[in-house]
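Working notes for the structure below.
Chains: A, B and C, in written order; residue numbering restarts at 1 for each.
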Amino acid sequence: MSSTCSDVVLSVSGLRHEYRSDRAVQVALADVGFEVGRGEVVVVVGPSGCGKSTLLRIVAGLLRPTAGTIAVDGRPIDGVPDGLGMVFQDYSRSLYPWLRVRANVEFPVRTRLDRPERRRRAEESLAAVGLSAQADKYPWELSGGMQQRVAIARALVGDPELVLMDEPFASVDAQTRSELEDLLLELHGRLGVTVLLVTHDIDESVYLADRIVVLSAAPSEVSATVDVDLARPRDQLATKADPEFLELRARVAGLLKSKRDPAEIQQPAGAPLEGVDDSRPAKVPL
Amino acid sequence: MATVVLGLELLIRVRVLDTASLPSPLAVLGRTVRLLGSASFLLEVLRTLRVALLGLMLATAVGVLLGGLMGTSSRLARMLVVPVELLRPLPPIAIAPLLVLIYGRGVPAGALAVAFGAVWPILLNTFYGIRSVDPIARQAAASFGLGRWAVLRRVSMPSAAPFAFTGIQIASAIALLVAISVEVLLGDGTGIGGYILQAGTGGAPLEIVYGAAVAAGVVGLAVNVGLGALERRLFPWRLGLGR
Amino acid sequence: MSATVQSLRAGGAPRRRRLVHVSQGCERVALLAIALVVWQLAAGGNRSLYFPPPSEVLPRVGEEYLSGPWTSLFLGEATFDHVVPSLSRMLRGFTLGAFAGVALGVLLGLRERARQYVEPMLQFGRAIPASTLLGIILVVFGTGDGPKVALIATGALFPVLFNTMEGVAAVTPVKLDVASVFKVPTRQRLLGVVVPAATPKVFAGLRTGLSIALILVVLTEFIGAFNGLGYRLVQAQRNFVIVDLWAALVVLSVLGVALNAALGLIERRVLRWHRGETGGADE
């Protein structure tokens, strides 16, 4: 299934971000550019510390980049754009402990909608993530996976154009992670949400994505963009046994180790390998 | 801060603010400096500090002991909870009149009043400190064959010590406050409190009264800073953990 | 009382739990009961001048403070002459100081620059023991109620202010990010995120402020006052009527306990959610 984008929801180009301290300038993002089409799930993958979270914060408008443009719906952003939803990695800190689950989910639209409409939307959201029965509990009464589901419900309540997810499943155990991944896929299939997700887990990236943007280590650039044509709906067992999944997985893994796309490296013999990281022998899967 | 002080000064000079109750800040500061250099004032400062220190030491001894015991034995804690919660809300200077009757106008009355006020933060902080010692650390020590007392001495107390110290820091402010309060009550001119009261009622210029109060503040700050430095030396690992 | 008592609750199977509960309840009052009995015996037998037995003190409390007609809720003259004025001053000073402390604390907690500007002065103000100001208050402003309330307010303000500032500044950034990303308007952000997140620390400040207010109301009534519990204490001291002094102490103690308990109740209600939150994610 190729990306059915009639619209480009998010467009990032020439993004550069530096962290300046008295002593030095650290370049987190050197030159990053990609697009996210409507209804797509785009996953950004990269080694730890490569600035993935910085990237997401910039797209969310929480951080102003040193250089580059971000455009949502064709319009360059200035601060936080409209129509965003976001899910953070640390659910225990991103949910408000003084509000019950329902109130947490209602939070983004509290001032925008009136009470009956708000409640209806919140209940819809909670039902979509399967937590209708927990609406009156406090977040700390729920398990980690359920808390993150509340966070997802909260992100969806305002009917966002674009949902940003910052390593959302990194803080839960493996089994919960699979459940949450499937939940995301189900929501995507049903509601057609556009998602930009950041992760360091290669399996997750291939499993979830329509397209994977691979970032190099800092100063980060886009090493490659990998299209994932695996059939939807996806399944934890079947999809992950599919040879194409394995191949894509290996490709992404290879890209993360060396900057070169292994698919490109399979070139006519004699073509020089430029820019290969010499500090480590490049393990190129053939 | 300097701007605010200068601003106030300006307003006073220009007579926008009433000088009868609020003297010129620069004059006050000048007085403060002079007071801090004057032997008679410093003598009173030392008097106050002596009372505060004695009371603090007493409070520390009692507070650490009781707090520690309460922290280790739930039963003891249960027995002591009610008396502690009944006595704690009583303002320490309230017992000062009684103490003065019993012990007369001297150091003991003041020190005991100080101790009565200062003991609570130390006791409670020590109690919480010991209770919050990671049970895993204690179990690990026990698994190495350390007896109950040894565990207490080598695991619980070092862990709880920073908390107890925080209690002492809080208590030091209370100690100073109560010591000066008692002096005000006694009204015989001893200590910082006495000095200010006498200066005020004796018709001394306002700058002196304010200046002495500011000087007291300097003393308080010095104590605070001193304790902070002591904390950093005693518990350097705290900085890494954050508070 | 809340935190200490709660940490000592019993656990286990129902019937056993009840037994344990009863025995623990006994333990709680044991010391107090023993102390009272010992005191009674010791003072009764060998009459100590300064420590009259409870059998004399308690009836005196009743005589002075609880002997009025039922129309005045059985409250005696002394209650109206002394307890009410003290309570009134303290409450006025405390609420004034607390409001100012919270308002300023929120403001300064949010505006980093303003805080840097003002902080040295605040630290300094906090370091000046409130009792030194008493001298100034009396001399400059006289012996009326106003200056007393002002002093109490000043004393209560600082702990509330500093704790509120800390609480506000310590709101975990993620929570604010959430509000930003969902484009929540500023007012909602303040009231719906910053204040609730800071509330635990604010209450810690309020508790300290309350104790200071109690100390100061008694202190301000030692000198230059004509009523109030502090005045009563000094009066009894001067007239050498020890029983009256102890009676006043008992009443003061009861007052203190009651006020602390009231604050504790309010705190528990407002912070229902906080007790469950484990590990102090927002510490």
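Convention: a residue touches a chain if its C-beta (ideal position, glycine included) is under 8 Å from a C-beta of that chain, and two chains touch if they have at least 3 such contacts.
What you see is a predicted model, and the numbers here were worked out from it, not measured in a lab.
Central chain (C-alpha centroid nearest the global protein C-alpha centroid): C. Of the two chain pairs considered here, B-C and A-C, the higher C-beta contact count falls to B-C. If you average the Cα atoms of subunit A and of subunit C, the two centres end up 50 Å apart.
In this assembly, the C-alpha centroid of subunit B lies 18 Å from the C-alpha centroid of subunit C. Listing the residues of subunit C that touch subunit A in their complex gives 172, 174-175, 177-178, 180-185, 188, 192-193, 196-197, 199, 273-274, 276-278, 281-282. On the subunit A side of its complex with subunit C, the touching residues are 60-62, 80, 82, 84-86, 88, 90, 92-94, 96-99, 107-108, 110-111, 138, 140-141, 158, 164. Across the interface of their complex, subunit C is touched by residues 1, 4, 20-21, 74-75, 77-95, 97-98, 100-102, 117, 124, 127, 131, 173, 176-178, 180-181, 184-185, 187, 192-193, 196-197, 199-201, 206, 209-210, 212-214, 216-218, 220-221, 224 of subunit B.
Those residues of subunit C whose C-beta lies close enough to touch subunit B in the complex are 1, 4-5, 7-8, 24, 27-32, 35, 50, 117-118, 120-121, 123-125, 127-136, 138-141, 211-212, 214-215, 217-219, 222-223, 229-230, 233-234, 236-237, 240, 242, 245-246, 249, 252-253, 255-257, 259-260.
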